[in-house]
Structure formats: C-alpha cells, structure tokens
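Here come two complexes built around subunit A, the first alongside subunit B, the second alongside subunit C.
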Partner chain A sequence: MKDYQLAWRNLWRNRRRTLITAASVFFAVFFALVMRSFQLGTYEKMYRDVIESYTGYLQLQHTDYIDESSLDNGFIIDPELISMIEGDPNVTAVIPKLESFALAAAGSRTQGVMVIGMDPENEMKGLNIINRLVRYRLTPEAVEALKAESLPDRTGKLLDVFVNESFTDEASLISILGIGRPDTSDVLPLFRKHAAFKNGYLTSADSGYAVIGNGLSEYLHAGVGDTIVLMGQGYHGATAAGLYIIKGIVLMPQPEIDNRFVYLTLDDARYLYAAPGMATSAIISVRDTKEGDINMTRNRLGQITGDGLAIRTWKEMNALLLNQMEADNKSGAIMIGILYLVIAFGVFGTVLMMMAERRREFGMLVSIGMQKGKLAKVISMEMFLVGFLGVAAGVAGSLPIVFLGYARPLRFTGEMAKMYEDYGFDPVMPMLLPDTYYLWQVVIVLLILLIAITFSVRKIFKMNVINAVRA
Partner chain B sequence: MQAAVFMIVSIPSGAQQLTATEIIRKADEKFNGELSGYSVMSMTIIRPTWERTVEFKSWSLEDDYALTLITAPAREKGQTFLKRGNEMWSWNPAISRLIKLPPSMMSQGWMGSDYTNDDILRESSVVNDYTHSVEGEEEIDGRLCHEIKLLAKDDADVLWGHQVWWVDKKEFIVLKAELYDEDGYLVRTERGTGLKTMDGRFIPSVIELVPAEEEGHKTILKIMEVKFNIELEESFFSQQNMKTIR
Partner chain C sequence: MITSIAWKNVWRNRTRSLTVIAAVTVGVFAGVFAMAAINSSIVQRIDAAVNEELSHIQINHKEFRSSSDLKNVIPEPERVISVLQNIPEVTHIAERIIVRGIASTSAGSTGVEVTGINVEGEEEMFTLKTRLIPGTGSYFGSETRLNSAFIGEKLAKELYIIRYILTEESLGTLKESGVPSSVVEKLKPLEDQRFTTEKKLTEALAGLLSAREAKEYGMMIREAAWSYREGSRIILTFLDADDNQTGAAFRICGIFRTNNDLFEAMSVFVPENELRRLTGLGEGEYHRIIARLADNDLTDRVTPEVKEALPGLEVMHWKEIQTDLAMIADYMNQIYGIFMALILAALAFGIVNTMLMSVLERTRELGMLSAIGMNRRRVFTMIMLESIFLSVVGGFAGMLVSGVVIAITGHTGINLVKYSEGMEAFGYSAHLYPTIGADFFIMLTVLIVITGILSAVYPARKALQLNPVEALRGE
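This part shows the complex of A and B:
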C-alpha cells in the first residue's frame, strides 16, 4: 500500500474530525476570497473612475507641476511634440488642458471651482465627459406626473426619497429606484416621457459657454441657460474675469469634483487666464493599460520630451488616493489575517486532539515495525490532504460568486445606493477576477499546515513507544 | 519779565524739539496730503520668473476715502477700487460685478503685488494706532534721518506689531521703513528713492517694497504725477462713480 493511500484511508476512519477540520479551512478560504475579491475590485474601480474621468493614465506636464500645480507652472504647447507623442504605438490621443482655480458666482452665491479648459473634440477621444451628461432629473413636477402613472410600489415610494436627484443613464435609474427587471420595459418609457432633462454639450466652435457639475449647478441655483461669473488670478498675476452661459450639466462620480467642475473650451480658458498657447498638462490616452505597458510607454515618451517637461503616471498623480487605498487595503488584510489566526488555532486544536487520541495507534504501529519516519510521512500527508480539501472547496465555492459578481455586479438600490453615491462611490459591488490574491490564500493555509505538521512530526519522533502502547 | 522768560524758553528751536508722534504726523501728511490728493502711479511687480506693470490713477480724501482706477495694461483697464472707512469694494467692467472685499482677502496682495489690501485700507492710521518713540538717528542715502519706532497700541486693529521708520530730518520724508509682525519677525522693508519736487513738495517718487521672506519678490511704485489738496467731495467716493470714472 502506498503512503498516500494509507493517509487517505486514515482520514476517513474518523470522518467527523476530517470534515470539521476541512470545513473550518473551507469557511476561512471562502470568506477571505470573496471579501478580498470585493475589496480589491473596489479599489480597481475607484482608480479606474478617477483615471477615466479625470487624470488619464499618463500626462505630459512641466517638471515642477507635480509638486506645485499652479498656472505659473504651465507650458507652451509645441504642436510638433504633440505629433511625436501621438506617433507612439501605445498612444491613442493627446488632450492638452489648461486647469486653474477660480471663484464662480451666480446671483449672490459663490463657490471655489476648478476650471478645466479642453478642446471638446479632442476631449472626446479620451475622457468622454459627454457620457456624464444628466439625462434624467426627478423634478417635483416629474415626480407628480410619474406618480399619476402606474408604477411598481417600490419605485413609487423611492420617488419621494429621490426627488431632485439627477441621473446620467438608465442603469442608475434602474438600480437606485429599484426597478425590477420585468418592469423595465414598461417603466422606463414613463421616465423618458416625464423626467427627461434638457441638456447640451460644448463644441469646439463655442465661446462664452460652460459645462458645469451637477453639484455646482445646484449650489449656485444656476441651470442651463443661466450665466455664471468666473473670477480669479491668471498667468503671471493677471486678473482673470469673465461671463459664461451654462450650456450643459454633467454629473461627475466624485462629489468633490462634481461640486467644483467647470469645463470651458481651451481657447476660452486661455483667454480667461491670459495664457495664450499654454497648457497646464496634456492627458495621454493609451490602448494597453497594464502596469507594464504604462511604464514602458512612459519611458519611451520620456526620451522625446526633453528638458523642462516630464511624463507622469496616474500613480504619481494620484499619490494621495493611492495612499488611502493602500491603508484601507492593509487594514482589510489584517482582518483576513485575524480570521486565519482563529482558523489556525482551530486546526492546531484538532491536530492536538488527534495526536492524543491516536497515541495508542502510533505506539502500536511503531512497535510492530513501522519506521517513525514513515509514520511521520503518513501523518503529514493526512494533514496536507485535509488542508487541500478545505482550500479546494473554498476556491470552488468562491469562483461562482466572483465570476457572477464580475459579469453582473450587484447594484445597490434605494437609500443604500444614495449613501454610496454621496461618498463618491458607484453603488456596485465590483469583484476582482482570480489573481495573485487567490494564491495567497493557498500559501497561508500551507503555512498553517506546516506548523501543525512540524508539531506532530516532533511528537512522533519524541514518542516513547512503551508508554504510547500503554496509553 | 516772567512772560518774556517764558517766551524765550518756549520758542521752538528746530526739528529736534518735535515729539516722535509729531514727526510721524508731518511725514504722513506730507506724503499723503493733509486733506486730499490725486496721483498717477505705476506699479511694477517683480517675481523670480516674471515681471508685470500696472498703471493707475488714485484720488483720496482725508484718511477715510480713496478711489483708484486702473489705466493699464489693456486687460486690467477699467477696474476700480473704492475705500470708504474700513470697507473696500472692487468693480470689474468685464463682468459688471461690484464686489465687497471680505476680511479674508485683506492679507492678499492688491493686484497680485506685495502691497496688501490691508495696507491700502489702513495706511493712514500710523498716527493714531501707534505710540511713537525716537530711537536715534542714522544716515540713509546721505541724508540724516530720525530713527523712530512705532509700536502698535494694544487696542489698535493693525496687522503690524511694530514698525521702524527713518524720517529725513529736514524734509520729513520717510526714506526707509521696516515692518514687523506681532511676533517681532521682519515682514517687509520699504525704501523711498528718486527724491524730487512734485506739486511743490519734495518727496520720494519711487517706493520699493521688499518682502523679507520671499526670494526675488519686489514691488516698485513710481509716482508719475501728484496733486495735493485738490477739490474733492465725499460724494465723489461712491459706488456709482466707481462704474463711471475715466
């Protein structure tokens, strides 16, 4: 009989103990995997949201801009350099922008804002802010009209909770208002009829128009067609002041951005800030976004930018966000660590009991001629098998949930969704597909097993056969 | 007999007998005009990487009213600033907006210079808000000056903890001033040069402000034209006038 056959049979001689130990490992692994998948998925999503809506993966900047992001650290755009960057195999678009602070005012309300000047045609190649245009708004009149129609109960109740809310697409309408799948084809046309929002967007030819964030529009009580004043300091201390008509309203995912977002054409921004031909940064859109590709692209482009300018990656630009996420990540890892610690003690407990219980058996085996080394080997195999049983079950159990969560992320509805959005998060539970973090779980379980095995093997070798047989 | 002796003793025998406060008052009135004034000035703001010049006309009445109109460069032309007592407004024709400057903006530079909004509002309180003492005398640019320390009064609402002024003994011109904050740190040094006679008074025509903490920062004020004690009414200093003055 082979050792592993012996080990396997030994396991099932005491079925209950085997199953309980395997179950505790299974629960730990399963829970850890699902939690980590969700956590890591959330970070991924947050990074991607910021990158796609704001910073981009790479940016061309003045060397000093990363430390002091003021207008005076802008640079003159050289069209030849732009062409060269666009020629890079991984680059899909270069979007210069001029960004600075200003005070926005409408009537007697004022708010500090970030003014972003970009050429709209150019911007659409990379950022697609047009996707964030508000398409539906539940004004009190809209809510009245909708309630007059026949709606599912839940949606009807939630309408009152979300009066005056704005939505950029039907997906968020569906999730936040709890519209069930079977009802969508009936309910959505009603929303299109009563709650559609009249909106517009900038074109390259526009001058004197602005697109602003939904939060800003609400605070200033200024909507499409109203005029806002922008005041501030321009390049080299010049006074910046201008009047702009609101052409469109967008809902940006992060409230900090949404409350301060003003989008002007690049020409308008340059005139406002007395910065002709200048930009504060140029977003570089890329095709392959894996870390390795980004770094290689950055190195290639760094060769051609020369002195005074630098290529920055999204990690450098979002250092603060990264730090926050890493801190959160580590605290999540600690929690999982504590979970595993508890499980480890459970496993040790089981092993201890097992060794005590089978002392007579071991003593007998050794006394009839089994070598201690072989016995130790069989016991070790038993433990590995139990461990892997638990891990395999845990992994198998988690995979359906992870894949489902990835393909169709769970969307929160109602007030939960609103709470998420208030914090700037999309109300979904994003999952990360199996990655290195899966391997980590196996490694940790292996470690626990190794400690347990070391202990058992020691016990076997130290065993006094005579005493054991008499146990 | 007693009267004669009294008169001999009390004959003023020159500037040395003036109190520190009186010296400061004379210097202040000489430069700012006892009653009113009109001036045309240019202000050059110098920074490590750039330089900018703004030109403006300014009217003032006593210590309480002032109106300034920016005349150059073209981008800034037409902006006006009004001071009435302790309040300041600004008007920008490009956006047709009248803005009252909030207290939070007082420490910011006026038009981006080293001369703060607060300085503009409070420049004429040197006589009333400080106690004055003569510290000695020193020669600045070849002219003998009183060195006078101005210590802010406890209840005075001033930014500066104390100032040191070098006032020319003969002409009562402030040739140099050092401004210190409440903790005694030097914040700014001001120098008056380009002495010449304008509208009958011998005053510095160039004033240089050098902040102590910033490398390479400087603001230079040049007086191109000045008229003292002109006809001005309080009604001149109004919000309507801010919008129409040329």
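This part shows the complex of A and C:
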C-alpha cells in the first residue's frame, strides 16, 4: 500500500475528528476570504471612483506640483509632447487640466472650492464625470406627485425618508427605494415622469458655464440656471474673478470632492486665472490599468517628458486616501490574524490529542518493522490532507459568494441605506474577485500545518518504542 | 455532586484540557486586547472631537450650517444663553462668529473657517490651547492682542510658515536624545539648509542615510529640524456683511497640533472683536453658541431638553454633526461583540473536538454509570458542565491576562506612529492607550458560557446515544 493511501485511510478511521478539524480550518478560511473580499472590494471601488472621476490613472505634472499644488507650479502645454504621449501604445487620451482654488459665492453664501478646467469633449475620453450627473431628485413636489400614483407600499413609505435626495442612476434608485424586481417596469416610468432632474453638461463651445458638485449646490442654495461668482488668486498673483451660470449638477464620490467641485471649460479656467496656454496637469488615460501596466507606461513616458516635468501615478496623487485605507486595512488584517491564531491552537490541540491517543499504534508499527521515517511521512500526509480539505472547502465555499458579490454588489435598501448615507458612506458593498489575498490564506494555513507537522515528526523520532507499546 | 465530578473529569487528562484552556486563554486575550486598542483610538477620537473641535452641543441659526451665510446670526442670543445656564449639566458656554474665507501667504493660499472667539471669556473652555506646540507662541499672547491668529500645524505647513532646518543647535539635541554621532555626522552637509516641506527633507535624508538609519531616526530628525517662522503673518480674505470682499493681515500667535489633519488645515481662531469689525457684524451678533457638558454620556439626554427650549434654532449634538464618528460610537459595542463571537466560534471547534474525544474514550465508563442508575439528564448535565468549565476557565484566564496587560499598556501607551501615517490624517491618534468598558467583560462572560454550552451539545448527544449494555461490552 502506498503512503498516501495509508494516510487517507487513517484519516477516515476517526471520521468525526477529521471532519471537525477540517471544519475549523474551513471556518477560518471562509470567514477570512469573505471579509477580505468585502474590505478590499470597498477600497477598490473607492479608488476607482476617484480615479475615474477626478485624478485619472496617470498625470503629467510639473515636478514640484505634487508637493506644492499651486498654480505657480503649472506649465505651458506643449502640443508636441502631448502627441508624443498619445503615441504610447497604452495611452488612450491626454486631457490637459487647470486646477486651482477659489472662493465661490451665490447670494451671500460662500464656500472654498476646487476649480477644475478641462475640455469637456476631451475629458469624456478619459474620465466619466458625465455619468455622475444627477438624473433624479426627490424634491418635495416630486414626492407629492409620486404619492398620488400607485406605488408599492414600502416604496411609498420610503419616499418621505429620502426627500431631497439625488440619484445618478436607476440602479441605485431601485435598490435604495426598495423597489422589487417585478414592480420595476411599472414604477420606473413614474419616477421618470415626476422625479427626473433637468440637468446639462458642458460642451467644448460653452463659455461662462459651470458644472458643480451636488454638495456644493446644496450648500450655496444654487441650482441649474443660477449664477455663481468665483474669486481667487490667478497666475503669479493676478486677481481672478468671474461669473458663471450653473449648467449641470454632478454627484461626485467622496464628500470632500462633492462639496468643493466646480468644473469649467479649459478656456474659461485659463481666462479666469490669467494663465493662457497653461495647465497644472494633464490626465493620461490608459487602456490596461493593472498595476504593472501602469508602472511600465509611467516609465516609458518618463523618458520623453523632459526636464521639469514628471509622470505621477494615481497612487502618488492619492497618497492620503491610500494611507487611510492602509490604516483601516491593518485593523482588518489584525482581526484575521487573531482568528487564525485561535484556529492554529485548535489544530495543534487536535494533533496533540491524536498523538497521545495513537501512541500505542505507532509503537506497534515501529516494533513490527515500519521505519520511523515512513511513519513520520504518513502522519505528515494525514495532517496535510486535513488542512488541505479545510482550505479547499473554504475556498470553494467562498467563491460563489465572492463572484455573486462582485457581479451584483450588495446594496442596502430603505432605512438601512439612509443610515449609511447619513453616516457618510455609500450604501453599496462591492466584493473583490479572487486575487493574491486568496493565496495568503493558503500560505497561512500551510504555516500552521508546518508547525503541527514539525511537532509530531519530532515526537515520532523521539518515541521510545517499548514504552509506547506498553501505553 | 455532578458539578464536582465534572470538574474532576476535566483534570483527568491534564494535557488535553490544558491545551484547550490555553487556546481559549490566548484567543480571548488576543481578542480583548485588540478590541481595547481599537476602542482606545475611538475613545481618543471622540474626546478630541468633543473637547477640541465640536463641543457637546452647538446652537446655530436654522440656515447657518447649510449655507454659512454671514447674515444668519442667532436671534436673541441672550435667551439661548439663559436657557443653557439654567441646565445644571452645562459647564461651559461660548459664543462665536464664524466666517469662511481664504488664508494666504506669499507662498500659498487655501480655504479656511475663521472662528472669532472671546479670548478672555473662552480661555477656560478653549482646550486647544493645551495643544499649542511649545515655542510657537501662546494662546493670544500679550503684546498684540488685536490681529493675532491661532492656527493649526497642517495649515501652517500648507502656507509654508513651517519649514525644516537642521541648525547646529538641533543637531546637538539629536545627539542628546540618543541618535548615534555617526548618524549626526552624516547630517552635517544639510546644516542650515532650508526645506519647505517634510517630504523634501525626507528625500534629502534618504540620500545621506542608509534605509535602516532613515527609518530608525527619520522621525526624530524631522522633529528636530521642524522650525517656525516667527512673527509670520497671514492674510485672511472673506466677504463682509454687505457682500464686499474684505480682509486683513493677522500675526500668528500660536500653532496647535492635534491628531486631525482636516481640522488643523481648516481652522483659524482670531479674537472676536477684530472679526466683528472686519465683517461689519453688529455687537452681540453671533453665528454659533457652543455648550460643554459635565460628561459625554449626558449628551443624548440633555440635547432634547435644549431643542425643546429653543424651537426656532438648530440645536445639534456632536453625533449629529460628525455622523461617521457617531456610527462608530453607536455601534462599537455590537462590532466588538460580533468579533468576539467569531473568535469564540473558532474556539468552539477545539472544545467540541476535545469533548467528543473525552466522551468516546469513556464509552465504557459512561455505560457503567447509566447501568448503575445515573439518569440521562445527569449524564447530559455532566458533559455540559465539563465543556463549560473548559471554556470558562480559559475565558477567565484570558480576561485576567488581558485586564492586566490593558492596565499596563493603558498607562504606558503604545506608539504606532512609525507604522501608521494614515491614522492621523483621519483624526485618529497613533498613540494608543488601550481601554475597554466593564460592560464589555460582562458581555464576554455571557458569550463564553454560551460557547461552552453550544460546544457541549454534540458530544453530550453522543453520550446519550450510548446503549448501556453495548457500552459495557465494548473494548
């Protein structure tokens, strides 16, 4: 009989113990994977939102801009360099952007804002701000009108909770208002009729128009069609001031951006800040967005940018966000570490018991001629198989959940969603597809097994056969 | 009787029982300690939010927070104050003017919230003054009371009022504080050079020191090089009550350091009369009245009282203002409970395994006990008690150890500054003083007993299924 056959049969001699031990490993692996997937998925969504609506994956900047993000560290856009960058195989678009600080005022309300100037048609090639336009708003009038229609009970009640709330897409409207799938086709037209929000977006030909964040719009009490005043400091200390009509309202990710977002056309922003032909950065959008591809593209572009300019990755530009997520990530890792510590103890305890219980059997085997080495090999295989069983079950059990959670992210509905939004969080919990974090769980379980195996192998080699047989 | 038999049974196989007990001890200890560490950073954050940033209760004009319109002043502030004074739990009250504007120096500009405070009247309540960085001045020092501003370190950095210079003196301090002279020697070329940002200094250090040295001493070197341009001025610009742009130069009288970068970067405190003069607000006009309570736990009880007494105004407690923190504060006990339950569930597997083994190896004995008349309920109780003993002994040992460790580290503190840059940007301190409430231990004890009971169910059922006759015949 082969060693592995022996090990396999041994396992099923005490079926309960094998299954309980494997179950404990399964429990840890399963929980760790699902938890990690939620945690990493949330970070990933947060990063992607900021990248796709604000920073892009790569930017061309003045070398000092990252430390001192002021207009004075801007640069003149050189069309030749832009077309060279556009020539890179992984680059899909280059979007010059002028960004600076200003004070926005509407009536007697004022707020410090980030003014962003980009060419709208060019911007659409790389960012997706247009997808963030507010499409539906539950104004008090809209709520009244909707209540007069026949709505599912739950949705009708929730309307009061979400009064004055804005939505960018039908998916979140459906989930947050708890509209069941069968009702969707009946109810959605009602919302389209009563709650649709008249909104517009900038075009390249526009002059004197702005698109602003939803938070800023609420703060300034300024809606579509209203005028805002922007005041600030232009290039080299020039005074900057201008009047702009609000053309559209967007719901940006992260309140810090949403409350301060003002989008003008590039020409308007250049005129406002007295910075003709300039940009503070150029967003470079790329085709392949894996970390390795980004870095390779960065390195390739770095060689053609020339003195005084640098290519920055989204990680460099969002260092603060990354740091925050990293701190949060560590607390999650510590919790999983503790979980595995406990499991390791459980596995170790089982091994200890098993060794004590089978002492006589081992003594007998050795005394009838089995080499200790072979015995140790069989025992190691047994343990490895138990661990593997647990890991395999954990991975297999988590996969459907992770794939489902990725394809159809968990969305909170109704009061729960309201609570999340009030607390300042997106009521969506996306998951991350299997990645290196899956591998880590396997490595950790292997380490635990390695310790248990080392212990039992040592025990076998130190075993006194005569005492063992007598036990 | 059953209890003492069960207790003795636990110790019949010492090694096996001790292994499980040790597992429970370690699991409970690790869980409790991690919870205490996380809890401490939340408690410290709440403390800072309440004492330094928001206060317990804020009263504003109904429209003020949603628009920060200068004209939205509180009507009849005297009435608000008398209402607050009549509530015994309120210990401090302060009136404030708040204006949004731009702070700028020749090197940079950024948006800020300028708060006008009553310098003498608020002195006792203004806890931020204890956060003053030594050497940067004082809480509205003596000579120029007018036109002085108290600002955060982050803002000072953004406006380039803080820079980094390694002077001969700071190199000396480094040597004294235990940095090897070989490292200090390597820093010589940087002497008297100016670095406008922390990052530039770090880059310069990376060129001179080995990675290990930079990691080990970088923090100390940055602290030593930190320097402040004395008598710096900033220009504050904002709209006055007639919507005209106005502003003035303010001299920095002190810089404070908190754990909250966002708050530091936004806040400028100036004397109220100066701000009143600049904005053209009338005497006795205020945007916000803040109240401090004797204890944070009173917040939820006192706020409704104030709300009722002041119907036309916006009365908010800190939880309503800082909602993300409130969520953490409100749900932390549940989160800790869930996590401890998860750990205990993992431990339960070990207990089940042990108990099952202990039952199966006692087949004959259990058969004998039933044969001589011990009824099934007693057998069940005995197994159950054995399992509970395992979890409770381990659990108490774990709680005891964690209690001691929390007491020690709660006193000395744990410094995570080296490992976590992100925490402070979010307002969470990286100096942890682990602490956890007594109610957590009560909840934990209940959970531990439940774990013991649940993990006994399967083994005890196995014991009950034994047929006395067959059990006696076995082996």
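FYI, the second predicted complex is superposed on the first by the 460 of 471 C-alpha atoms of A that agree within 3 Å, B and C clash if a C-alpha of one lies under 4 Å from a C-alpha of the other, contacts with A are read in each partner's own complex, and residues count from 1 in each chain.
Quick note on the criterion: contacts are C-beta pairs under 8 Å (C-beta built on N, C-alpha and C of every residue); 3 or more make two chains touch, one makes a residue touch a chain.
Nothing here was measured: the structure is a model prediction, and the numbers come from that model.
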Subunit B versus subunit C as contact partner of A:Gln233, first or second or both or neither: both
Touching partner for A:Ala28 - first (subunit B), second (subunit C), both, neither: second
Touched partner set for A:Ala274, first subunit B, second subunit C, both or neither: first
Contacts of A:Met355 with subunit B and subunit C, given as first, second, both or neither: neither
Superposed model, subunit A: greater residue contact from subunit B or subunit C: C
Subunit B versus subunit C as contact partner of A:Ala105, first or second or both or neither: both
Partner chain(s) touched by A:Leu243 [first = subunit B, second = subunit C, both, neither]: first
Where subunit A meets both subunit C and subunit B, residue numbers: 105, 231, 233
Subunit C-facing residues of subunit A, complex: 16-17, 20-21, 23-24, 27-28, 31, 67-68, 70, 101, 103, 105, 107-113, 218-221, 231-233, 260, 320, 322-328, 330-331, 334-335, 338-339, 341-343, 345-346, 348-350, 352-353, 356-357, 419, 422-425
Contact footprint of subunit B on subunit A as seen in their complex: 72, 105, 229, 231, 233, 236-239, 241-243, 274
List of subunit C residues in touch with subunit A within their complex: 15-16, 19-20, 22-23, 26-27, 30-31, 34, 38, 66-71, 100-102, 104, 107-112, 196-197, 199-200, 237-239, 243, 245, 323-324, 326-327, 339, 342-343, 345-347, 349-350, 352-354, 356-357, 361, 419-423, 425-426, 428
List of subunit B residues in touch with subunit A within their complex: 45, 47, 49-50, 52, 75-76, 79, 92, 94-97, 99, 111-112
